[in-house]
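The two complexes that follow have subunit A in common; it is paired with subunit B in the first and with subunit C in the second.
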Partner chain A sequence: MDIGLNNLNPKLKIIGAMVLAFTFSFIKSIELLPVIFFISLVIYYLSKLPLSLLLKRWIIPAPFVILMGLFMMFFSEGQTVLTIGYLSIKKEGIYWALTIITKFLSILTIMVTLFQTTHFIDIVRALNSLGVPAILTDIIIFTYRYIFEIGKQLNKMQISMRLRGFRNRGLKNIISLVSLVGTILVRSYEQSEKVYNAMILRGYGHKESVKQDLKLCKSDILGVFIVVAISIGLITVQIGLSWGGF
Partner chain B sequence: MTNKPVLKVSQISFGYNRNEKIINNLSLEIYSGERVGIIGPNGTGKTTLFLLISGVKKPSSGEIILYDKKVKVGKFNPNIGMVFQNTDDQLFCPTVWEDVAFGPTNMGLSREEVKKRVNNSLKILGIEKLKDKAPHHLSGGEKRLAAIAGVLAMESKLVIYDEPTSNLDIRYRRKLINFINSSKQDAMLISSHDLEFILEVCNRVILLDEGRIVADGKPKEILGDENLMEAHGLEKPHSLIPHVIDHHEYIKKAE
Partner chain C sequence: MHIPDGILPVAVCASGYGLTGLATWYSLKKIKEKEDPRKEIPKASLGTAAFFVASWISIPIPPASVHLVLTGLLGILLGYYAFPAVLISLFFQAVMFQHGGLTTLGVNAIILGLPAILAHYTYTIGKKFLYKNNLKYGILGFIIGSLSIGISVILFYTIVITFIPANIDVNAEKIASLAFVISHIPLMIIEGIFTAFVLIYLKKVKPEMLEAK
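Moving on, here comes the complex of A and B:
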């Protein structure tokens, strides 16, 4: 049986990712932090995606998370571990910093796995079949479709400006840049009207859109079972640790 | 040709503001089997006329009857299909297959029927291999064929083509000509500045200028009338100029 994540039903992937994300956010004990981090890495490994991709995704928000961790280390209440000048690192601060960074990286890894193993459009459709209103998912799909067209138009206009001697000189060119943005906005508005006309002509709103069928196979059921089992296990251990039972 | 028109346009007028009239008291009848070329200079109201006929815009006066029923503005009517001038306005779905399936799905057809129609349309136009592609990854010619497939799958009786040859290379232009000449749609309205194309695919031509019909007849008669064409900012097509007279000025000078 193939338990590769790429072939799982997108709807179940979303449910699984959300369940894991909420479970990870529920974890408070430092003993469980390596466990959730390890689980997220195993899930990423099962997706057969390259490690370099995950590292790239981690790097983007890293400065913010590190900054927040540093802030917590220095400005939390508690027992001082080390003093640097006027600043002192607190034991509780290190604990909170480690908790936030680990939870953040684990949840990010789960979300990267979801978005890298499922086409964006399939995610949007799965959201629709999970109950997100069609109007919202349609807007997301159209935005995804036309963002490329607007990008192309912007690129062409920029080339046209450069070919006619435009050089970016900051505020001196503010009028030209405002014209560029204004033109793009007006064109987008006009195009949206034309697209709407084309949609009406082919019956948009005439009939409710058909939601995707949920066809489960053995690997889907196994995947959901594993995720739910992990979550229940982690939450049970966390509750046990909080009560001092373990 | 039957006696009853497929489309009857009676004295319609339209303007975007009170002072202008893009379409001016225009009347027109289209019959089954007709492929009508609508020609005229830029800004003469060709696209506006199409939007009025298809029920996208409401005429300020007059009425439009399509297959014995009055065209209702903003209402879906599968009997009429329109291929837009800018294909990006029409191809709004994430993949070609879904875009072609959009119309038939909204018509309430069964999944099997939708699938059958979509596959059939893609096959007729020879673009089966594009079915999973995103529209923004297609070339201009591929986009045009995908847009046509979307209308073809609806099996509309009257199909409107607005500037179908714009941005097409010779190969896709020829593909389009072959497709239109072999298509079984009841009637067609085709606007184009490509007069050679009109000559190849149409059996009737209407010359529009300033929102009025100034000539209506057989393609060779209308397009071959040099004085008429020049009076309305057009040129007689090259293929209708006899080649006994050397009119290739550039070649003559070069020699």
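Moving on, here comes the complex of A and C:
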């Protein structure tokens, strides 16, 4: 039986990823932080994705989380462990910084695994079959299609502006930037009318556009069982640690 | 103004999803009251994509630069589609660029989406009285643009500082709040000016886009 993540049912993958992400958010005890980090790395390893990809994804949002961590380390109330000039690092601050950084990396790893092992259109279909209204899933699909097209338009317009001597000097050039954004909005508005007419001619609106029945197999059920077992286990241990029962 | 995963307690993330579900339900209810709800879907999608792309434009404000958020303009142009548009934009930002997070998607949608809904209502009322005069219309745009960011900043800061898991020193908290608010004043002003000029531009070039949805 193949339990490779790439072949699992997208609907169950979304449920599994969200269950794990919320379970990781629930964790507060420092003893469990290495456990959730290890679980997320094992799941990423099972996806057979390259490590370099994960590292790239970790780097993008890292500055905000590191800043939050530093703020907590220096400005939390508690026992001082080190003094640097006017600032002092607190024991409790280190604990909280470690907690948010580990939780952030673990949840991000789970989400990267989900979105890198599932085709985007399958995720949208799965969201629809999980009850997300068709209007929303339709907008998601069309937006995904148009982001790249409008992005190209913006790029072309910015190149043309530079070739005509435009230099972005902030508020001094605000009128040019307003025209740039205004033109993008007007073009997209005009395009939307043509798109709608073309869609109607092709039968849009006569049936649910993305709804699809996603069948389950044994590996899906095993996958869900493992995720639910891990989550129940982690939540039970966390509650036990919070009450001092372990 | 995107809160990443792992910072907020699970109850806050779940409440964020609950409130976002409610706001989305309300928006969809209003959309479905229209004669042909699907007619506006391509417009809303292209609008969402255009706003997503417009947020890539940065304006240099020495020593840093700011990128546009444009939630006020989004509320004006997309009406009841504005909240779903914000939600979808944030979903894409979390998935494509890891800005924000999926457990915090609901909270982030409230931070940026509620001002968009308020912008829609403010515009619908204000337009009746101020549309004819360009200066007054521009002032309405400025107020909507800058207040949308102001409300988002207040919501973001209140949520982060209230639900941050650590006990932060009171003095440090005061300094951080002051620094945070001051650092966002330029963005509020720029968003206000930008929204005002875009409204006047659209009034001249494509006035039908400004009919409240």
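Just so we're on the same page, the second predicted complex is superposed on the first by the 217 of 246 C-alpha atoms of A that agree within 3 Å, B and C clash if a C-alpha of one lies under 4 Å from a C-alpha of the other, contacts with A are read in each partner's own complex, and residues count from 1 in each chain.
Rule of thumb we're sticking to: contacts are C-beta pairs under 8 Å (C-beta built on N, C-alpha and C of every residue); 3 or more make two chains touch, one makes a residue touch a chain.
The structure displayed is predicted, hence computed values, not measured ones.
J.: Touch test for A:Ile121: subunit B only (first), subunit C only (second), both, or neither?
T.: Only subunit B is touched by A:Ile121; subunit C is not.
J.: Looking at the overlay, does A:Ile150 come into contact with subunit B only (first), subunit C only (second), both, or neither?
T.: second
J.: Quick one: is A:Gly203 in contact with subunit B, with subunit C, with both, or with neither? Answer first, second, both or neither.
T.: In the superposition, A:Gly203 contacts subunit B only.
J.: Go through the superposed model and pick first if A:Phe142 touches only subunit B, second if only subunit C, both, or neither.
T.: In the superposed model, A:Phe142 contacts both subunit B and subunit C.
J.: Per the contact definition in the header, classify A:Lys13: touching subunit B only (first), subunit C only (second), both, or neither.
T.: In the superposed model, A:Lys13 contacts neither subunit B nor subunit C.
J.: Would you check which partner chain A:Val195 touches, where first means subunit B only, second means subunit C only, and both and neither mean what they say?
T.: both
J.: Spot which of subunit B and subunit C makes contact with more residues of subunit A, would you?
T.: C
J.: After lining up the shared chain so the two structures overlap, which partner does A:Phe26 touch, if you call subunit B first and subunit C second: first, second, both or neither?
T.: The answer is second: A:Phe26 touches subunit C but not subunit B.
J.: Should A:Val186 be classified as contacting the first partner (subunit B), the second (subunit C), both, or neither?
T.: Only subunit C is touched by A:Val186; subunit B is not.
J.: Both subunit B and subunit C contact which residues of subunit A?
T.: Touching subunit B in the first complex and subunit C in the second, residues 141-142, 144-146, 149, 191, 195, 199, 204-205 of subunit A appear in both lists.
J.: Quick one: which bits of subunit A touch subunit B in the complex? Just the residue numbers, please.
T.: 121, 141-142, 144-146, 148-149, 152, 191, 194-195, 197-207, 209-210
J.: Residue numbers of subunit B touching subunit A in their complex, please.
T.: 51, 54-56, 74, 76, 78, 80-82, 84, 86, 88-90, 92-95, 102-103, 105-108, 111, 134-136, 150-151, 154
J.: Quick check: in the complex, which residue numbers of subunit C touch subunit A?
T.: It comes out as residues 2, 4-10, 13-14, 24, 28, 31-32, 37-39, 41-50, 52-54, 56-62, 65, 68, 70, 77, 81, 84-85, 87-89, 91-92, 94-95, 97-103, 164-169, 172-173, 176, 190, 193-194, 197-198, 201-202, 205-206, 209.
J.: Help me check something: in the complex, which residues belonging to subunit A touch subunit C?
T.: Contacts found on subunit A: 17-18, 21-22, 24-26, 28, 57, 60-61, 64-65, 68, 71-72, 74-78, 92-93, 96, 99-108, 111, 115, 133, 135-136, 138-147, 149-151, 154, 168-171, 174-175, 177-182, 184-186, 188-189, 191-193, 195-196, 199, 204-205.
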